[in-house]
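Below, chain A partners chain B and then partners chain C, in two separate complexes.
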Partner chain A sequence: MSDIHIHVEHLTRVEGHGNIVLNARNGTIEQVQWQVSEAPRFFESFVRGRPWHQLSHITSRICGICSIGHALASLKATEAAFGVAVSEQTAVLRRLALHAENLQSHILHVGYLVAPDLLGVGSVFPLLQSHPDAVRKIVRLHRLANEMSDLLCGRTTHPITLVPGGFSAIPSAKQLKEIRQRLLDAVPVTNDIAQLVLDCAGALPAFARETEFIALVDDDEYALYDGMIGSTDGGRFPVADYASVANEFVVPHSTAKFTRHRRASYMVGALARFNLSAARLRPMARQWAEKFGLRPVCHNPFMNNVAQLVEFVHSLEDSVYWIDYLLKRGLDTAEAPAKFKARAGRGVGAVEVPRGILFHDYTYDHDGTCERANCVIPTNQNHNNINQDLAAFAPTLLQKPEKEIERSLEMLVRAYDPCISCSTHLLTVRFVR
Partner chain B sequence: MRCAVIGLGNPLMGDDGAGIAVLDLLRDASLPAGTALLDAGTPGPALLHLLDGLDAAVLVDAADFGGAPGEVRAFDPASVRRAGPPPPGLSLHEGDLLGVLDTAARLGSAPARVRICAIQPARIAPEPALSPAVQAALPALAEAAREAVRQLTDP
Partner chain C sequence: MKPRIAFFDFASCEGCQLQVANLEETLLDVLRLVDVVSFREVMKEHADDYDIAVVEGSIARPMDEERIRAIRARAKLLIALGACAHLGGVQRLGNRWTPEQNKKAVYDGADGNDIGDNNPFFEKPRHRALDEVVKVDVVIPGCPVNRDELARVLVALLTGRRPPIPDYPLCVECKKKENVCLFTIGKVCMGPVTRAGCGAACPTYGNECEACRGFISHPHADAQIDVLRKHGLTPEEILSRQTLFTARHLEQQGKVS
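Our next item is the complex of A and B:
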C-alpha cells in the first residue's frame, strides 16, 4: 500500500484558518491532526478596564456571524453580575433576535458552503449554472434573515439596540406583522431547499463515533436563549459551573484551547441541541428530521448539516409563535430597559449560538469596570471532537484515492461549520505540559 | 431610476477603508436627488441583497490594479479580469466583489448598469487610518463616483 501524505493548509469554505494533516505509511496512520493556525484575538484582554456598557459592543465583534449571540451572552453575564432581571417582552424579543441569527448562519452554511459538497461541485458558483433556482431561493432566505436581524437589532450584524436590561429601540407591531408574513412565505421556499438537500443526502458519509453532546436544555422549549447545561451522558449543570464542564486545556498544535468533559471530547452545535431537545422542536421541524431519518442520539457528525436545516425550519416556526404571542399580549414599544446599579461581582451568561453553546464570564469591580473576562466559544469546544473524529474517520478511507480522502476529511471538518477566527483566544501564551 | 453609491471596505484595515471614507465627501448635495449612499462595509454575499432592485450601482472600493498609491480608476466590471485565482466560495471571510457581481448577473438580480470606482492602496494592514497618499486622493475618488453616477443615470 502506498504512503499517503495529505496536508490541507487553510481549509476553504470555513470561517478562518485551520489545517488538516494526515500521514500514513504502509496502511498505518502515523499522524492525523486538526491544526488551528489562526492568530489569537485577545478579546478577553481588550475588555479589561472597560466600563460595563461597552462590553457587549466590544465582544460582539468577536464574530461577524454570531455577533447577536455574543452580544446576548455578554448582556446576560453583565446582568447576572449586577442582579438585573429583564422583562418578559425583552426575553421574547431576544429569542427572536437569536432566531434571526440562527436563520442567517444556517442558510449561509448549508446553502453556500455545504450544498456544493453534496452536489459534487467545488463552490456555489457552479451551482448557479446547475441549480439557479435553488441559489435564488437560498439568497432570498438569507436576505430575510438579515432583514429580521436588522429589525430586531438595528443592524444586520453587530447589534446596537441590545443593551443591558433590555432594548434601546423596539420594532413596531406593524413591522413585526410584516416580518411574520415573510417568515410564513419562507416556509415553502425552505421546504424546496430541504427537499434538494434530502435528494442528495446520500452523499453524507455514514460515519459514526460515539461522543458526548452538550447544549443548553430546558423542560419547556428547544433551548436557545436560556436553560441549564445538559449532556447526553446525563446530568444538568448550572450555567455558572461552565468551567467544570468545558475544562479548557492547551495543545501545542493549536492556537485555540481544547475542551473535554466526561469523555475524550464533546460536541456542541445544532446536532448537540437536536440530540438533547428533539422532542421540543416545532412540528414542521420534527417532520423534516423524520424525513432525513435524524433521530436522537445521532453520533454521525455529518448529520450536523441536517440538524442545521431542521433548526432553520424550527426557527421560522418558533419566530411566528413568539411574534403572535407578543402581539396578543400587547407590545410596549416604549418599554425602557430595566433600571439597575453597577456593583462588584461576577456573572456568567450562556446562550446557544449557531455553532453551539457560548459562555461569557465577567468579573466587575464596584463601579462596573471589567476586571476579568473569559469567553468559551463553541468552535473551541468542537476542536477536540473534530480531532477525535478525524482520527476515527481517516482509517476508514485509506483504500480510496488521495484526492477523495482529502475531500472526505475536508467535508468532515466543514460539517462542524467551524468559526476558527472566533475560537482563537489564548490569553496567556504559555504551554504548560 | 434607482441608483446607489455603495462604499466597500474595512476602515480598520488602513487604505481598505477608502471606499467608506469617501462617502462622507459625497454627503453634500452634489449627487442627483434620490441617489442612495450605502456604507456596505465588508458584506460578502449580502452585497447581493443590496444590489437587488437597483437600476444602477457605483461600487467604490480599494483595488490593487498596479497603479501608484492614491491613483483612481473607474471602470466597467466586464472590462477587467481577476488577477490570480478566485476565492473558493462565498463566505464572510472571503469577500469577492467580482464573484458577487457575476452571481448577481446570473441570478438576474444585478443592476443593468454597474461601475466600479477603485483607488490604489498604499497599505492594507490593521490600522484605523488611511495613508497620506490615499487620504489626499479622496476628493478625486469622490469626483470619480459623481461622474460615474452622472454617466449611469444619463438617459
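Our next item is the complex of A and C:
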C-alpha cells in the first residue's frame, strides 16, 4: 500500500485558521493532526482592568458569527456577579435574539459552507449557476435572520441593544408583528431547502463513534438561553459548577486547553442539544428530524449538519411562539434596564450558541472593574472530540484515493462548524499511532 | 476582464468578512462585477493572482507579517477591512502586557503547565494595524464594517471613483437622524471625535458611541476630554473610553505606550 501524506493548510469554509495533517505508511496511520494556527488574541487577559459596562462589548468581538451569544453569556456573568435579576420581557427578547443568531449561523453553515460538499463543488459560487433557485432561497433565509437580529439587537454583528440589566432599545409591537409574519412566510422556503438537503443526505458518511454530549437542559423547553448543564452520560449540574464539567486541562506537546468530562472527550453543539432535548423541539422541527432518521442519541458527528437544520426549523417556530406570548402579555417598549450597583463578586453565565454551550466567568472588584475572566468556548470543547473522531475515522478511509480521504476529513471537521477565531486558546495536537 | 478580488483574514472575529455575506442579494450583484479568486471562509479554490486584496484582522506574529507582505506584493490595491485592520482591534488592548504575561493570564488555572514555549503559532504576538506593516490603499473602518458603506466603497472602487468615507464626526449623522443627544440624558459618548459613516448606529439604539471607526483627521481631542470630565467621568473612566478601540491614536499622540 502506498504512503499517504495529506496536509490541508488553512481548511476552507470554516471560521478561522486550522490545518489537517494525515501521514500513513504501509496502511498504518503515523500521524493525524488537527492544528489550529489562529493568532492568539488573549481576551481573558486584556479584559482585566476594563469597566463592567465594556465587558459584553469587548467579548462579543471574540466571534463575528456568534457575537449575540457571547454578549448574552457575558451579560449573564456580569448580572450574576452583581446580583441583578432581569425582567421576564428581557428574558423573552433575549431568547428571540438568540434565535435570530441561531437562524443566521445555521443557514450560513448548512447553506453556504456544507451544501457545496453535498453537491460536489468547491463553494457556493458554482451553485449560483447550477442551483440558482436554491441559492436565492438560502440568501432569503439568511437575510431574514439578519433582519431579525437588526430588529432586536440594532445590528447583526456585535449587538448594540443588549446591555446589563436589559435592553437599551426595544422593538415596537408593529415591528414584532411584521417579523412574525415573515418568519411564517419563510416556512415553505425552509421546507424546500430541507428537502434539498434530504435529497443529498446520502453524501454524509455513515460514521459513528460513541461519545458524551453536553448541553444546557431544561424541563420546560429546548434549552438555549437558560438551563442546567446536562450530559447524555447522566447528571445535571448548576452552571456555576461549569469548571467541574469542562475540566479544562493542558497536555504535553499541546498549547490547547482541552476539556473532558466522563470520557476522553465530549461534543457540544446542535447534535448535543438534539440528543439531550429532542423531545422538547417544536412539532415541525420534530417532523424534519424524523424524515432525516435523526434520533437521540445519535453518535454520527456528520449528523450535526442535520441537527442544525432541525434547529433552524425549531427557531422559526419558537420565535413565533415567543412573539405571540409577548404581544399577548403586553409589550413595554419604554422598559428601562434593571437598576443595580456594581460590587465585588464573581459570576458565571452560560448560553447555548450555534456551536454549543458557552461559559463566561468574571470576577469584579468593588467598583466593577474586571479582575479575572475565563471563557470556555464551544469549539474549544469540541477540539478534543474532533481529534478522537479523526483517529477513529481516518483508518476507515485508507483504501480510498488521497483526494477522497482529504475531502472526507475536511467534511468531518467542517461538520462541527468550528469557529476557530472563538478558540481563544491555541491548539496543536500530535498523536502517532 | 473583470477585476480579480481576494479576501484574507488575520487576527479577528471574521465579523467583517461576514458582512460581505450579509450583503445578501447585493452581493449577488457585486459578483457580476468581479471574479472572487480566494475567500477561505467560503470557498475551497484559491489563486495567487489577484488585483484587489481585502484584508480583515490585525497583524500579530512574524508569520503574519510575512503573509501580509506577500499579499501586498501581489495586490494592486489593498483594502483594510474593519477596525482590526484599521486600528489593531480590541486585541490591541493586550499590548500593554508582555506576551508572557498574557499567556499566563489565559492559561493560569488550567490543569497542567506546559503551554508550548517553542510553538511558532505563539511567537511574540503584538497586535498592529495593517498600515504599521505594509502600505494600505483604502480603509473601510468600523467594528464591524457597516454593510451599506462596504457596498458603496466596493462600487466606487470598481467604477473608478474615490471611496466615499466621511471625515466628519458622528454627531452630524446623529443629528440628521434627530436622535436625542446622549449628553443631554445623563449619558456620555465618543461621537464628537469619531468618524461618521455607520449612521450613528450605537446612539440610535440608546448606547454611547465607542469610537470603533477611529477618530476623524482633526479631532478636538482636548475639548472632548473636557466635556467628559464635566459630565463627571474620572480620568480612568475617560481613558477606558479613549482606549477601547482607539489606543492607536493615543499611542500616536504619545499619550499612552
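Quick note on the criterion: the second predicted complex is superposed on the first by the 418 of 433 C-alpha atoms of A that agree within 3 Å, B and C clash if a C-alpha of one lies under 4 Å from a C-alpha of the other, contacts with A are read in each partner's own complex, and residues count from 1 in each chain.
Just so it is clear, a contact is a pair of C-beta atoms (placed from the backbone, for glycine too) under 8 Å apart; a residue touches a chain by one contact, two chains touch by 3 or more.
In this text, all values refer to a predicted model and were calculated from it rather than measured experimentally.
**Student:** Is this a clash or a fit when chain B and chain C both end up on chain A?
**Tutor:** Verdict on chain A: clash between chain B and chain C.
**Student:** Name the contact category of A:Ile65: first (chain B only), second (chain C only), both, or neither.
**Tutor:** Both partners, chain B and chain C.
**Student:** Going by the contact rule set out at the top, does A:Ala391 touch chain B (first), chain C (second), both, or neither?
**Tutor:** neither
**Student:** After the superposition on A, what does A:Pro51 contact: first (chain B), second (chain C), both or neither?
**Tutor:** second
**Student:** Touch test for A:Val21: chain B only (first), chain C only (second), both, or neither?
**Tutor:** It touches nothing on chain B or chain C.
**Student:** Tell me the contact category for A:Ala169 with respect to chain B and chain C: first, second, both or neither.
**Tutor:** Touch partner of A:Ala169: chain C, not chain B.
**Student:** For A:Tyr112, is the partner it touches chain B (first), chain C (second), both, or none of the two (neither)?
**Tutor:** Touch partners of A:Tyr112: chain B and chain C.
**Student:** After superposition on the shared chain, which partner residues are touched by A:Phe43: those of chain B (first), chain C (second), both, or neither?
**Tutor:** second
**Student:** Report for A:Val139: first if it touches chain B alone, second if chain C alone, otherwise both or neither.
**Tutor:** both
**Student:** Once chain A of both complexes is superposed, is A:Thr161 in touch with chain B (first), chain C (second), both, or neither?
**Tutor:** second
**Student:** Report the partner of chain A that touches more of its residues: chain B or chain C.
**Tutor:** After superposing on chain A, more of chain A is contacted by C.
**Student:** Mind sorting out which residues of chain A both chain B and chain C touch, each in its own complex?
**Tutor:** 12-16, 64-65, 108, 112-113, 116, 122-125, 128, 136, 139, 142-143, 146, 156, 421
**Student:** Okay, in this complex, where on chain B does chain A touch?
**Tutor:** These residues of chain B touch chain A: 42, 45-46, 48-49, 52, 86-94, 99, 102-103, 106-107, 109.
**Student:** Within the complex, which stretch of chain C touches chain A?
**Tutor:** Contact set of chain C toward chain A: 9-19, 21-22, 24-25, 27-28, 31, 36, 39-46, 57-58, 60-61, 64, 89-91, 93-94, 96-97, 101-103, 105-107, 109-116, 119, 121-122, 125, 127, 143-144, 201-202, 204-207, 210, 237, 240, 244.
**Student:** In the complex formed with chain C, which residues of chain A make contact?
**Tutor:** The contact residues of chain A facing chain C are 10, 12-17, 36-46, 48, 50-51, 54, 57-58, 61-65, 67, 108, 112-113, 116, 122-125, 128, 136, 139, 142-143, 146, 154-158, 160-161, 163, 168-169, 247-255, 257, 374, 421, 424-426, 428.
**Student:** Enumerate the contact residues on chain A facing chain B in the complex.
**Tutor:** Those in contact with chain B are residues 12-16, 64-65, 108, 112-113, 116, 122-125, 128-129, 132, 135-136, 139, 142-143, 146, 156, 421.
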